[in-house]
Amino acid sequence: MRAMIVKEFRELVRDRRTLAMLIVMPLLLLIIFGYAANFYVTSVKAAVVGPQATQVASQLPPYFDVTTAEPDGSRADAESLLKDNKVDVAFVTGQRPVRALVDGSNLFAAQSIVGTLNKAGDSVQTEVLYNPDLKTSWVMVPAIIGLILTFIGTIITSIGLVREREAGTLEQLAVMPIKPSTVIIGKITPYFLVAALDMTVVTVLGILLFGVPFNGNVLAFALGAAVFLFVVLGLGVLISTLSKTAGQAIQTAFFFLLPQILLSGMIFPLDAMAVGVRWIGYLLPLTYFTMISQGIMLRGASIASLWLAYLILAVMAVVVFTGATLRFRRDLAPGSGHARGGQQPVETQAVTAAGPGGTP
Amino acid sequence: MTAVLLRASSTSRRFGDVVAVDDVSMHVQAGEVVGLLGANGAGKTTLIRMLLGLLGTSAGTVEVLGGPPDRARRRRLGYVPQNLGLYRDLTLRENLAFVAGAYGAARPAVPAELRSYADVLIGDLPLGAQRQAAFTAALCHTPEVMLLDEPTSGVDALAASRLWDTIRDRSDAGVGILVTTHNMQEAEQCDRLLLMSDGVLVAEGSEHDIIGDTTAIAVHTDDWARTFAALNAAGQPVVLDGRAVRVAEGDPHRLGQILATEGIAARLQPVPATIEERMMVLARTTSGAA
Amino acid sequence: MTYGITSARVRLGDRTALDDVTLRLPAGSVTAVVGGDGAGKTTLLRALVRQVTLDAGTVNTPEKAKIGYLPASSGSWAALTVTQNVDFAGGIFGLAGESLAARRSELLAAAGLTAAGGRVASQLSGGMRRKLGFCMAMVHRPSLLVLDEPSTGVDPVSRIDLWRLISEAAAAGATVVMSTTYLDEAERAGQLLVLDRGRALLEGTYDDVRAGFRGTVTCGPSAVRPEWSWRRGRERREYWPAADQPDDSLVVDPDLEDLVVALSLSARNQEAAA
């Protein structure tokens, strides 16, 4: 018994990736939960339009951070500010009571705003746009679409590619007259198609089952999804070049996946996170896709207003793919430099262990 | 009267309709090394598993150290599987410590030849050293009988003979050893051989006994490529042999005819077959009969 | 056209995997690269197909489209059937349609795999799997066929089949190089290269090698000089580099195993003395 325990401990200590998961992960989660987990929004961006704009703006409590005060603005201007996600609430003055248009796609902010405004009583009439009933599902479904794509992209792609390396067939491909880029494209195409199909199904189901609206341009949405897919598939290829076994690939992919679930704004609002942690969220691709999917589906936002998100995703795609291809090329064509340092080429054990011999 | 340490008496084993082992009787005495040969599907693995007590018999009995292979007897048995049974992510010393702990035995000393590898991970050792380490681990509880699965497969000739020195050391001390092998160099190192084919024990004894009177034909010719092509096209089991050509099993008369029609001059010489060729002939006859 | 590697030197980490090794591959012949684990066989073959970069030396091979390679580890895709595997390889090399189907039938028939055409590769026995890998490496009739331990761990009957397939390829004019740990297989090849810890021990045809061997090998129940002896069956053999064995010892005609062990011992003893 003792021998067994000692042995397991020794093996665990040598397994760096699992150790990292067991020790670093809980610490990471603690820090994230400590600093990020915050459902309470302390301040929201507001705009005031209409004849008494400046007056009303100065009367608002500091909770409302007024970024725009437009005396000449109309309700339409207010709505477009909300649609473009420039503010979370827009006050339209010029009538009694003052109208407060709240962006329902930003769930926690909206809930907080509505709660605050309710205390103001009859002087303000609140109207929630895009998600009138403040349903969580309406906000979650667009985010989950992104999550599913991330899952397929990173975990499944990395396993698929690593299996090739594990089986030893990667070497064979390397000696055949195929270009490394052909191999990569050939390998990710099925996953791209499956992911696209998955996404369509989930979106349609989301709309049908939960009544989530689709107010925006389908093509814009598809474009955003495609770019995002490239990012996550590229990450999958990159992870595969860092892993020797499928088990390692899953562990590494998990490291990439977990922060995205917690810090992309899907569960805890970005605005509510401590600044120190928020910037991590801004590095994650899922954050930007969520902006795109929520914007298009709930607010009917245009590409123009979301251009930054699209651009960032495009840049990420290029960077990740270039990195992944370069590393992959090294695996397939060790043309320059040494074979990966110090590693004895795989010897015969693989064949003898793999081939089943003899009767059961 | 030397003790019989392993014995199978008219042992059979079926899996549904398939008879994996068919009425096999064999034994291993103290101090001898017996080699078990056979193609895939011959029944070697099933027989071994019955001897180890991992599988029951459908008929006949199996005896290890005079009785059925229960846990108490298995403690006195040493087994080295083909994939070593060692943990690749532990060092040599740690592996030996684990095995000793598991058997409740004293930790074995690291043998002199392996001392420089004592604190190296098993996965990083050259194969010869790995095999020797596996053997050392199997010895830690001083077994009286051992089963080794392809003990020197993949190892170079010198390291293999060194490993056999260690194996022989044990057999000289009275341990009975059963070795399974595919390798003719290994077969040569055994005192006695057993050849299984299709579940049946077909031959027993020295290499000479195993081959029996199976002969192959060596074809000496100036143009080996044409000779090969001609015989191959005629469906003969022909292979290259250095600069000559060899037919595993054939009728010299017929071969002569084929070559004559092609206008090839050649000298045909019957030679003793190799063990593999004997196995091939057996495989053909059984599949032909089926 | 003689393919091969000249004066190869490869360092992997802090180990010298190959040290000044030359491999000559005459056309239409089978060359066996022999040695145990760690000898450098796989490194040499991988250098030949340019998967490993040489630190010194040159490689002479045809272009990728004319090389057929069977790696030590696998050779076929586990989740595909036998037929699908061959079709994939054929496709990569530009075969299609009727000609691909014809070539596939030809290859599978020669390998005895026709009946297993629809079986998934992971369910084949080790020997059948290696034969499949061989078919895939041959699908495009390469001029250089590189096989890394095609028969290690394979059952004896499949080994004969593989050897026959290899012979066929050579008879048809391909240059074949294969690595093996089995000395009896090496004896049957036309040309040999025996490696020991990255250095060439023996080279040439079997007759050349035998003729070039200096010294004698004796056989007996015990050895006079333990560090020059090794076990064979129940007896010990001993190597006398200067042929100065005692008069009453039994001199034997050394076979390839004797030659290899004798020269390995020689190399080790020289190192120890230095």
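Which chain is which? They are A, B and C, in the order written, and residues in each are numbered from 1.
Simple rule for what comes next: a residue touches a chain if its C-beta (ideal position, glycine included) is under 8 Å from a C-beta of that chain, and two chains touch if they have at least 3 such contacts.
None of the values given here were measured: they were computed from a predicted structure.
Comparing chain C-alpha centroids with the centroid of the full set of protein C-alpha atoms picks out C as the closest.
Simply put, of A-C and A-B, more C-beta pairs touch at A-C. Averaged C-alpha coordinates put the centre of subunit B at 21 Å from the centre of subunit C. Each chain gets one centre point, the mean of its Cα atoms, and the points for subunit A and subunit C are 51 Å apart. Rounded to whole angstrom units, the spacing between the C-alpha centres of subunit A and subunit B is 57.
For subunit C, residues that reach two or more other chains under the stated contact definition are 37-38, 125-127, 152-155, 181.
In subunit B, 40-41, 127, 153-154 are the positions where the chain touches two or more neighbouring chains simultaneously.
In subunit A, the positions touching at least two other chains are 347-348, 352, 357. Within the complex formed with subunit A, the subunit B residues making contact are 15, 18, 20, 40-46, 82-83, 87, 89-90, 94, 97-102, 121, 127, 150, 153-154. Listed in rising order, the residues of subunit A touching subunit B in the complex are 2-4, 6-7, 10-11, 14-15, 347-349, 352-353, 357-360.
Those residues of subunit C lying in contact with subunit B across their complex are 28, 30, 35-39, 125-127, 152-160, 163-164, 166-168, 170-172, 181-184, 187-190, 196, 205-207, 230-234, 257, 260-261, 264-265, 268.
Touching subunit C in their complex are the following residues of subunit B: 37, 39-41, 126-128, 153-162, 164-165, 168, 182-185, 188-189, 191, 224-225, 228-229, 232, 237-243, 246, 248, 274-277, 279-280, 283.
Residues of subunit C touching subunit A in their complex: 11-15, 17, 37-38, 42-43, 46, 49-53, 55, 63-65, 67, 69-78, 89, 92-93, 123-127, 129-130, 149, 152-155, 181.
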